[in-house]
Each structure stands twice: as C-alpha cells, then as structure tokens.
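Heads up, the next two complexes both have subunit A, just with different partners, subunit B and then subunit C.
Right, the complex of A and B next:
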C-alpha cells in the first residue's frame, strides 16, 4: 500500500512542513495579486503514478480542463512542482489585478505570463521553504507550460513522468471572494521519498 | 497552582515545537486540542486561561474559534501561532480578539516578550 510508505508521525510532520511552505507562498502570492489568500490544510499522499490523476481529482475536485505549469527542483531530494488552475478561471485572474496585466486580458500571451508568474511564486516559495525545513537547498529549473487546456489524466501520463511511485503534496490557494483557485502539487519519486523520510526523522529526533 | 493553558494545532509536530518553545520553568498545565472544536470545548471547561491557537485547522479554523469566543465572555488570552503570515491574516486575528500573533516556526525568543508583556510569565 503506497500510503504506508510514511508512518503516521512522518505524514503529520510532512503536512505541517507543507503548511509552513504554504504560508510563505501565500504571502508572496498575496503581494503579487494584492488579495487575501484563504488557506486550507495541505494534503499528503503517496500514490502510484497510474493513480495520480484520480488522487488529484479527489483532492482538488477538478474535473474539467486545466492549465498546468511544471518546474523541476533538484537537491538530494528532487522532483517536480506542478501548479494547476482551472483554465476558465485565468481570465478572471487577469481582470482582477491592475497594472500591465489588466490592459490586455484577452491577450493569450499575457495570460500565460500571468500563470507563469503565479506558478513561479508558488513553487519557489513553497518548495524552498519545505526543503529548507528538511535541511536541503534546492536548485530550480526553468518553468515550462505542461498544457493550456488539458485534462488531469494528461497531466499525469505515466510514460511522461519517469517514476512509478510518487509523493503528492497538495496545497490549495483560494482568492478571497473569487472563484480562482491554484493547486500546487509536489511530485517526488521513490528515491527522493526515502530521503524525505530520513530528513523528517532527523527533524523529529531534534525535538 | 499551575496555570492551565491549551495548545490547539492539528499537527502533532506543531504541538511539539510549541511545547518545546515554552519557558522550561513556566508552571503550566498543558491541554492539547487537535482542532478548533476541541479547543472551544477545553475553553468552556475552564482549561484555557491562555490559548495558543493555530489558524488552519480542520473542524473549525482558528478564525472560527475566535469568532465563537467573541460570543462568549472571552475570558482568555489568545496567542495565535500560525504559518499564515499574510498581513491581513494577522490583522484579522487581532481584530477578532487575539492578543498576539506569532509566526511559525515558533521560537522561545518570539514567545517570551509576549508572555512577559501580559504578565503570564515573570
């Protein structure tokens, strides 16, 4: 059973580590969008890649097309951060904020830039904070657009992601009084899961 | 007599970190709550003259606990301890009656001035 990879104590710790990362990311996003971000409890699951899309559907409640940005991170613990939003909600995000974004919300390139900015802020702050708590310093690769209007099944094609078992950390950012939601998912392969596990034990031991 | 305090956080790790950040010689009797509802129940049972309150919790968030406390006699010092460090989250918590806001990860250096300011620890 994939979900038995972590003990209950480790899973709890990882959730709190994600909680702190989420707080850092929300503060940055809140500055970027000039809006209050409502946070909920992060969720942690270990799943087979073949089950990842279904797991993410359950975690996010998303069934329709999404826009997804991926960004790799490397340290002893390595993986990918995916920022996923409902495609239909992105224009709303563009209209919400002022400045250069507001002038051309119909411009696809601008919308894409906006999604990249949101993704960059969320992955950078959240992943850095989480790995810092685990005593690791990540190097990030350039973000890339995984797809502009794709289904979750297409996000997690087993062939495209080069691992069988993945740690899914789902963090949900909701703009107050808006429909817009951004979901940050961290994917880490099996080898990294063991490093995460040992890093958590070291953290717990230090208390 | 020991001072009863409540530490409310859904995470065991967070409850441990906070417990460890309390002054070693502070004479307190700690009760733990793992969600907002439990925290409120402990408050009503008189166990929370001091309440350390997380904001993001299942089954009543910290904000909902603060709102509920406003309808009671609010006979407690609430110190919010949260990873949500958005300025608006702090303002909202203080407006809802929290005495102080401490960002996570909580340290003794951050707690001491607050405990001293309100005469909870000498």
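Right, the complex of A and C next:
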C-alpha cells in the first residue's frame, strides 16, 4: 500500500484535520443555506494512479455513470475538487440548496448555473475549511463540467498524468431525511502530498 | 521613477495620497476590479470599471452598487457576495450561463454579433485575521472567447450536416439513412406498429452514362433526387444508397400504403424525361418494397427483402413496383 507516505501519527492527524475541516464546512454551509446539511465522516486515502478510479468507486459507492463538476484550488497545497453524483440525480443537487437560499433568487437560474453554484459552494466550503486547518489560503478557479454522464474511470487518464500517487479526501452530503447524496472528493497529487505532510508536522509541533 | 523612489505606504493622511505600485497596477489593468462590503457598498472601483460604465470611482465609492446600476440582478448578486462572506471561499459567474453582469460595450460592435460584453466574474474573499473583510470582484472581457465558441459550434453543425449528406444529390447519404433506419426499427421492435422501406433504382442507368457521358448521368441523378424529394412526406427519410440506387424509409406505414408511395415515385421519375444540355433523356425506375414483420432480427432483413423485390421488378421488365409479400404462416 502506498500509505507509507504518511506515518501512523500523521495519518491520524490528517483524519482529525479532515474531521475538523469538514465540521467547520458543515457549520458554514448550514449558516448559508439555513438548513441542516448532514456531512459524512470524511474518508482519507493515498492511492496509486492505477487504483484511483477503483478507490473513487469504493468511496462513493457508485458504479454507473456520474455527473462530475471539477474545480481547481491552488496554494502551496494544490489540487482539484470534484463534486460527483449519479447522472440521473443531478436535478436533485439543486434540492440541497432549496429553502430560503434559493427563494431569495428571483432571477431564474438555468439548471447548469444552479449545478455549478451548488458544486462551487460545496467544494469552496470544504476545501477552504480543510486547508484553513493546514494554515493555507487557497485560490480557486472557475468550476467546469467534467462530464454529464461519465464513468469514474474516465476521471483519470493514467497515461496523461504526471504523478503516481494521489491523496483523496471524500465526504458526502445529504439534507436531513433525504436519500440523495452528493459526493465531494479532493484530489491532491504527489508534490502537494509532501506539503500536506510538512503542514501536519508543523501543526503537531505547535501542539 | 524607479520602485525605490516610491514612498512606502503613507503613514500620515496628506492629500494627494501617493500611489503605490499595486495601486497603479489595479488602476490600469485590462480587466474590471471592484470591491464590495457586506452591505453591497462599493469600496473600490478601478479604471476599467469607470471607462466601461461611465461612472467615476468618486461617484460610486461609499454607495450601494445598485444605486448607480439598478439593472444588476440584485438578489443573485447579493447572494453571491453573501456566500463568499459566509464560506470564506470563492464564487464565480461564467458567460456561458450568465452572459454579463454589467451592460458594457465591447470592441466588436460591428462584427461581433453579440449585444453586450460577455463577462466571466470571480468573487474573491479578502481576508484579514481569518475573517472576510470584503469581496473583490474581477470581471474579464471574454467576448472574443464567446464569439470563437459560437463560430466553432456553427462549424461543427455544418460539418455534421455535410457528414449526413450525399455530395452529389444533397439528400441523406447511406450512413445517415441506415442510422435513421436502425433507430426506427428499434422503435418498431419496442412499440410495434408498421414500417416500410422502398429501394429503387433508375433503369438502364449504365446506358445513360455510356451514351451521354458522366456529366449527364450525374445531372440525371440530381434531377431525380430533387423530384422525389418533393413528393416524400416530412417524416420519411430519403437517401442515396449508392450509384443509381435510392432508398426511402416510411415510418408508421403499412406495405399497402408503401406501394402507393412507390407508384407515385415511379410516376414522378418516369412521366417526364430529363433535359440536359439540350439532350432529352427518358428515365424510368423500378421499385422494391418491404415491410417490417415480426420475427425479423434486424433492419437488414428488411433491406434484403426490399432488394429482392427490386430484383424481381427488374426481372419482370423494369419500370414497375414490386412488394415482397410473405404468406402468413
């Protein structure tokens, strides 16, 4: 397993950082949406490129086609955030942002704009909060559609990638009592993994 | 003036305030930059915004942005800014979903074909001590990108059109025809009903080519395709199958009705000769018809049956229509 990248202490710390970060994200999202958003316990894994798609399938529990919106984030630690849901359920993504937040919008939103909006809010909250724990302030790029109905294998193009290892952090969202879940995955490649590792060490030393 | 000569940020407020390098950059940079507080008051407004809106910084700073720009999508913009304050994260707006935020002119008023400057906007949190103190909005002019994208979409649509058409006659080509036939057959398999296919062929076409030359032969093909195209129904698919052979797909049409259509086509082709470069060329056609019937595994069975009927029409002396009738088993 490529999990040798982190020591056991670092791994525990990273899991704790993810827990804290996503907790903060949930609080901020609930504040913004005025609704209780249920966030899963984040899952953290280091995988080789060849296993990345399989890891995504396991983490999301999705085997079929997905709709995926991607967004880059950049600081010393950089990577991409993906918001993923089953293709047929994309319309329900908007429901996550129902309630007063949506009602305040008298201007009609196209479905695509709504999808990008929701994806941006979810990844913005989670990535910012997570990197905040690591003492980094990221800059984001425009969200873009990776595909409306793609297989998770198509997310990674192994031949094209300039890295061997990736750090995946997965968390999923649902409104209370709702079956529909949207997944957020942060992907960070090798170079960033070293920066994460150093940031964890700095954090551990400061305790 | 070298950067060294620039005074450090001013410690005492004395007018006029010397500008820092970053102030100068913000002033002259080629995209819009403005800053909003949580109540949507403008805190900063750069030259790009001033030049394009006609509203000077002094006239908008310290006031709600909607006061000078009542056309802005108020609820939407307020929500975007509020989300940045609450999440401490970025927000975006793309021209592809929302063509513009401000009604600005662009520099292709004649050749552009778009009404206002197409804009990509980024809403960026300005942080101090881990708190969002204001939101900086950057506005990029992406008019040229939108024009290029539209041109590309047009080109793709034209290519798709070319890819589906037969170059000589302008009607559907065989690839497109078979695609539609496959779709229609699949629909018939699922929902039942009726569907038929006609295959027809200009009689003794080789002789026309030999006698009058290929230019005349091609003109005859074009003229015949045009005549037939005028009598087929809108829902039918008319294509060139190859050489002098044509095909007509008739959805929701039983074999009897297909034979009526076949007769109509035969008359359309044969009733009047074609005149090419002063030469009068008489043309007739033979038509084979077949209908989808239970048990057929795919659409090729229909094509083969129509082809057998066409062959039979040729053998019976040409210039006639023949349908392949199956005895009910």
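To be clear about the criterion, the second predicted complex is superposed on the first by the 174 of 207 C-alpha atoms of A that agree within 3 Å, B and C clash if a C-alpha of one lies under 4 Å from a C-alpha of the other, contacts with A are read in each partner's own complex, and residues count from 1 in each chain.
The rule we apply is simple: a contact is a pair of C-beta atoms (placed from the backbone, for glycine too) under 8 Å apart; a residue touches a chain by one contact, two chains touch by 3 or more.
From a predicted model like this one, the values you see are computed outputs, not experimental measurements.
Chemist: Does the superposition put A:88 against subunit B (first), subunit C (second), both, or neither?
Modeler: Once the two structures are laid over each other on A, A:88 reaches no partner at all.
Chemist: After superposition on the shared chain, which partner residues are touched by A:207: those of subunit B (first), subunit C (second), both, or neither?
Modeler: A:207: touches subunit B, not subunit C.
Chemist: Identify the partner contact of A:65: answer first if only subunit B is touched, second if only subunit C is, both if each is, neither if none is.
Modeler: In the superposition, A:65 contacts neither subunit B nor subunit C.
Chemist: Identify the partner contact of A:143: answer first if only subunit B is touched, second if only subunit C is, both if each is, neither if none is.
Modeler: In the superposition, A:143 contacts subunit C only.
Chemist: Is A:127 touching anything from subunit B or subunit C once the two structures are fitted on A? First, second, both or neither.
Modeler: A:127: touches subunit C, not subunit B.
Chemist: Touching A:16, do we find subunit B (first), subunit C (second), both, or neither?
Modeler: Once the two structures are laid over each other on A, A:16 reaches subunit B alone.
Chemist: So in the superposed three-chain picture, is A:26 touching just subunit B, just subunit C, both, or none of them (first/second/both/neither)?
Modeler: Only subunit B is touched by A:26; subunit C is not.
Chemist: Taking the superposition as given, does A:113 touch the first partner, subunit B, the second, subunit C, both, or neither?
Modeler: It touches subunit C, and subunit B stays clear.
Chemist: In the superposed view, which residues of subunit A touch subunit B and also subunit C?
Modeler: Common to the two interfaces on subunit A: nothing.
Chemist: Residue numbers of subunit C touching subunit A in their complex, please.
Modeler: Residues in contact with subunit A: 73, 75-76, 78-79, 82-83, 86-92, 94, 96-98, 120, 122, 124, 127, 130.
Chemist: Per the contact definition, I'd like the list of subunit A residues that touch subunit C in the complex.
Modeler: 28-29, 31-32, 101, 104-107, 109-110, 112-113, 116, 120-121, 124-125, 127-128, 132, 137, 139-140, 142-143
Chemist: Under the stated contact criterion, what part of subunit A meets subunit B in this complex?
Modeler: On the subunit A side, the touching residues are 9, 12-13, 15-17, 19-20, 22-24, 26-27, 30, 36-37, 39-41, 133, 203-204, 207.
Chemist: Tell me, which parts of subunit B touch subunit A in their complex?
Modeler: 10-14, 16-17, 20, 55-58, 82-89, 103-105
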